[in-house]
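Next come two complexes, and both contain chain A; in the first it sits with chain B, in the second with chain C.
Our next item is the complex of A and B:
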């Protein structure tokens, strides 16, 4: 088989054939993309290491999603109902391991769809995606470019939704006039820096200093925070820092006596942050990821199935582990399931085509496939996004804001700052 | 069994090996082959008694150099790989001026600082290094045919054969260096540096030579990696990977040529294949750490000591019985 593949050159057809043969020779129950009565979905994200907080809770959420879907009769395709099973591979946020994982999931496990965190790991996987035509999803639309035809960003348009938090702050706390920002100097931090700069400029909030970029290996944040607040800003922006950075930075801001406004993309495990600082200090902390027991998520505009029940099940099984990504991969699966049922097939081509027909059912409301200007391809699903603030120790949605509306007014600013940080799709090497 | 037959059997096993593995294991085999060269080159540096924390960054120098030579100047990939190694060696020579004013622990810390400076430069200068996101879309090794075998370098088996040949040649060169008078001088610089100096050996020059040679081969391993996965970034060459290299060397042992290679192979197989297959994917850091501690406690001379015990016993059994002089 291998020599045959080698002689003929690898094509999508030989890939799928080899997948089926491997699965059968290994005696696996799933010998094709949807054999037996189970559809396998790949989960290729960091489950250990520094970035695990954006992988592991997502896998835990997916397991709950699968149990609920399977209990409700599974996924109904043209030829019957199928249960869903997740197959995970820990890529440790390493492109080489991500490539190995993608190969395993496609060629050995016979998955129909692969969800990734993206970022540094996507370029390692892209050749595999190109060769196989497998449908992949990312949480980071900055992975998108005109040549990523099989990659979609259907859950979040990181970092563009960060503009909603700044816009809300400017409207509701007009007394805040100045800001500073810090971020880790990496692929996740830089596009977010550009976005926040655009959002602050659009809101008329002055940046007191250039964004302070720290190395991802930083462990002592005392000097970072000292420098950050030396000009007495009204707002400290924590950009899209990993939770391993957000926590010590917040702790340092508390210890060094900062009493102003904090805004951040995420506040994963914010209960621990409150425990390390105080409820008063964390009051009004603005970020972008709600708890799913929020009453605002029971509105008719929400497409996520039973968010309150999902949150309760997650917290019962994984107490204290709820984070930004706990619901995101599951929400992607909602979209994938709807598209597969519409197409009547789990084939990557058919699902992708069905998914992009008309408006997309995003978790926070109907949304459009968008992104040509920023990403060179309309593969990001963009609509409303919540602004969340901590009130009396609990995260509460303050408002839903439209990202396309903001972009229609201030898109030129976003492009300007993205270009300054070499983050436009045509600038990425 | 004659020695050459053992070598032929080993060669046949290495050629057949990928065909007995799953697709993902073939991918792991490619990375393992590249890491074997990395850890073997690291051992050459340790011969002079110096342990560096910048070796993985030097590997990155080779990777970045080769990637940029192909992307910006259109250099043919195999040539750029070789040049990647040469540039890594030249950077090592430059670094040796400040670094070899230090010894032991100070050299260790100095090498870490030097490595971090290089990584920061990659991040700071988006042109040409791509900043924090690094370089992607690196040219792959062009496919070619040798008549009986078509090399398709997207396929891990093809790349394993290609990388395997390069790594084998590099290991042979490293072996010859160690067994040459230069290699013996490296040992002397480590164990009897004052005596060596008194005998007219330029200790610093030999340390620099070992550092440059080791870095050159590390650079080639980086270039092999870059042209396989098609992307590199500064975080791929950070202290985490360096800790792995140190672990392979310590667990394997550095007294023999094969010790670090053995450590690399055994620990990679345990970490990437055995623990994943056992469904202990998320427990791997914990179990890996426990294995390391246990091996240091119970095998202080490394895995190579087991092989040495076995081969010594075999040698003793095969030796003619000594009789008292008649």
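Our next item is the complex of A and C:
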């Protein structure tokens, strides 16, 4: 190829010179962005693969958040206003790739804060966090431990909020007395299993069988469902299964004739589940993540700016893609922005200190930094959480429930089951 | 308990059906061409995405989409034979490495064409055959079972009763002797690739409405297929079918009566036991292994 170019009249010297100029100019935009009035935020989550549904919609939500904030004048720090730019890195839910991504985001992109899904990827990143002091966030507080000083869980206390769904069910459908559960055998599934077990025990709902764990590579869920419903439970609990599992499991429950109650942490893309089953079958399906066009989100307790408008903008740009995490990373950015403006600085130490002063403005209401008993560190922001049910084909918030109130009454049960599944901070490897 | 056994049995028959379609295709390609096709799981995935494109998006009738999917994936097999395996036929590892590269290309194309997330496919039918209240067979699963029986029977007839089939078997047993008898090794390789890839494609197409279709769905399928062909005997079509049934029975029953994680361990243990007791597999011969 090069010989052809040279033959066309281009000398080797000219070729090398033009190549060097091109390479330098290609590097200029990045350099100018880093030097200008722009704060870069790292987005280190799975954007491809089986867990992408808990990464990609979050990045899409963050882009909308950034446009709104930048249009409103940006982030106001001590030395002026800054626009926000997200720099993403697809960790494919792989710890090694997450570590590479964290290093790249800090060293090459100069980010001020990194948001992660967490879970299996956090162990890969923790050494980078320890070494650099970078402030990270996770959606999964089960990543927290006394050693994770620069890791916060400000959006959701997965899986602890799952107790609110079970508590609501027990109060509103007291005829439901028995339950079974299935989960994928991984860092997301197991702490959630322990939480649901505690919640069912606290609610006086009997588990008919030990939780059925399946390999994350499972594709055919008919045997799992056959086992689940073999003892005719009132409730089938889908734990924190990924949407790639929730959908086929729900379809199998429908096809194998289950007519009882289903409860799940998430029901992403539930419209597709309705299409594969029926509106009647999905009626009353309880989960924990609302659509943001829900009228209940317009209350004074909500600390998320214009949730209905955000939902509309998201669905206009990404029709059918709204999921559990679409708003969560954006809500973390609300907290980060407030803390940075309070501190007058984007430096990780200053933001972390400002963030943890007093009550936190969680999306679903004011909340407290909490977690020493469960996580060994008070780095999880905990308050109220919504219980959502599908009604006539649409997700609707049924209630907001207090996680700290539940924990005050039943915390011992949660610790018991977390210990049984080796999920306490001092048991996790 | 009888209901539970019966439902589990039906689940196992379905699993055996799609696993055997994939595994037989893989064995056929290895038998005739001597190539371990690592991209076989992605051919399964390509069949599933053919349904996404033709049935879910273009709204063609499901079985028309399945037929086109079979032809499409069969043609992908022909492309692999011509572009990858034929030029590298003298390189013992060349075909294997090339198939890994092709696997990545197919995954990347799926991501570019359809995105990274699970794709929604409308149900083909919601009809369910109800034997008892707790023993049910969804008709969409019955399609897979019928397709496996029909296609594998047709393949058996083709291989045992037709001249092309004899040529294929002769090429698999001794390519040089077959060539001396006037059999075109290139032609038999093409036929093997078309049929082998087509079987994976139709398995993917028929199961697409029943599973989560995503660019990485071929991984677990190829792992299962490798376990099956090792247990059955590398190169043995009969072995692949018997091992598919055995693996599906063991995996399904262990999942139902114990749990899914243990089922995977038992499946792998089954392979290890066979390798220790009969290293050539249940139906394999020493020269083929």
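Rule of thumb we're sticking to: the second predicted complex is superposed on the first by the 394 of 429 C-alpha atoms of A that agree within 3 Å, B and C clash if a C-alpha of one lies under 4 Å from a C-alpha of the other, contacts with A are read in each partner's own complex, and residues count from 1 in each chain.
The definition used in the following text is that a residue touches a chain if its C-beta (ideal position, glycine included) is under 8 Å from a C-beta of that chain, and two chains touch if they have at least 3 such contacts.
None of the values given here were measured: they were computed from a predicted structure.
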item	value
Room on chain A for both chain B and chain C (clash or fit)	clash
Which of chain B and chain C A:104 touches, first, second, both or neither	first
Touched partner set for A:419, first chain B, second chain C, both or neither	neither
Which of chain B and chain C A:56 touches, first, second, both or neither	both
Touched partner set for A:37, first chain B, second chain C, both or neither	neither
Touched partner set for A:217, first chain B, second chain C, both or neither	both
Chain B versus chain C as contact partner of A:301, first or second or both or neither	neither
Touched partner set for A:189, first chain B, second chain C, both or neither	first
First, second, both or neither for A:123, with chain B first and chain C second	first
Chain B versus chain C as contact partner of A:48, first or second or both or neither	both
Region of chain B that runs into chain C when the structures are aligned on their shared chain, from 200-208, 218-226, 290-298 or 308-316	290-298
Shared chain A contacts, counted only where both chain B and chain C touch the same residue	47-49, 56, 185, 215, 217
Chain A-facing residues of chain B, complex	19, 22-24, 27-28, 31, 71, 116, 120, 123, 126-127, 130-137, 140, 149-150, 152, 154-158, 225, 228-231, 233, 235-236, 238-240, 272, 276, 281-282, 284-285
In the complex with chain B, residue positions of chain A that touch it	2, 5-7, 9-10, 18, 22, 47-49, 56, 88-90, 94-96, 99-101, 103-104, 107-108, 120, 123-124, 126-127, 131, 185-187, 189-190, 215-217, 422, 428-429
Contact set on chain C toward chain A in their complex	4, 7-8, 11-12, 14-15, 111, 116-118, 120, 122-123, 126, 128, 130, 133-134, 136, 138, 141, 210-212, 214-217, 219-221, 223, 251-253, 255-257, 259-261, 263-264
For the chain A and chain C complex, residues of the former touching the latter	47-50, 52-53, 56, 185, 212-215, 217-220, 222-224, 226-227, 229-230, 243-245, 247-248, 251, 254-257, 269, 272, 275-276, 278, 321
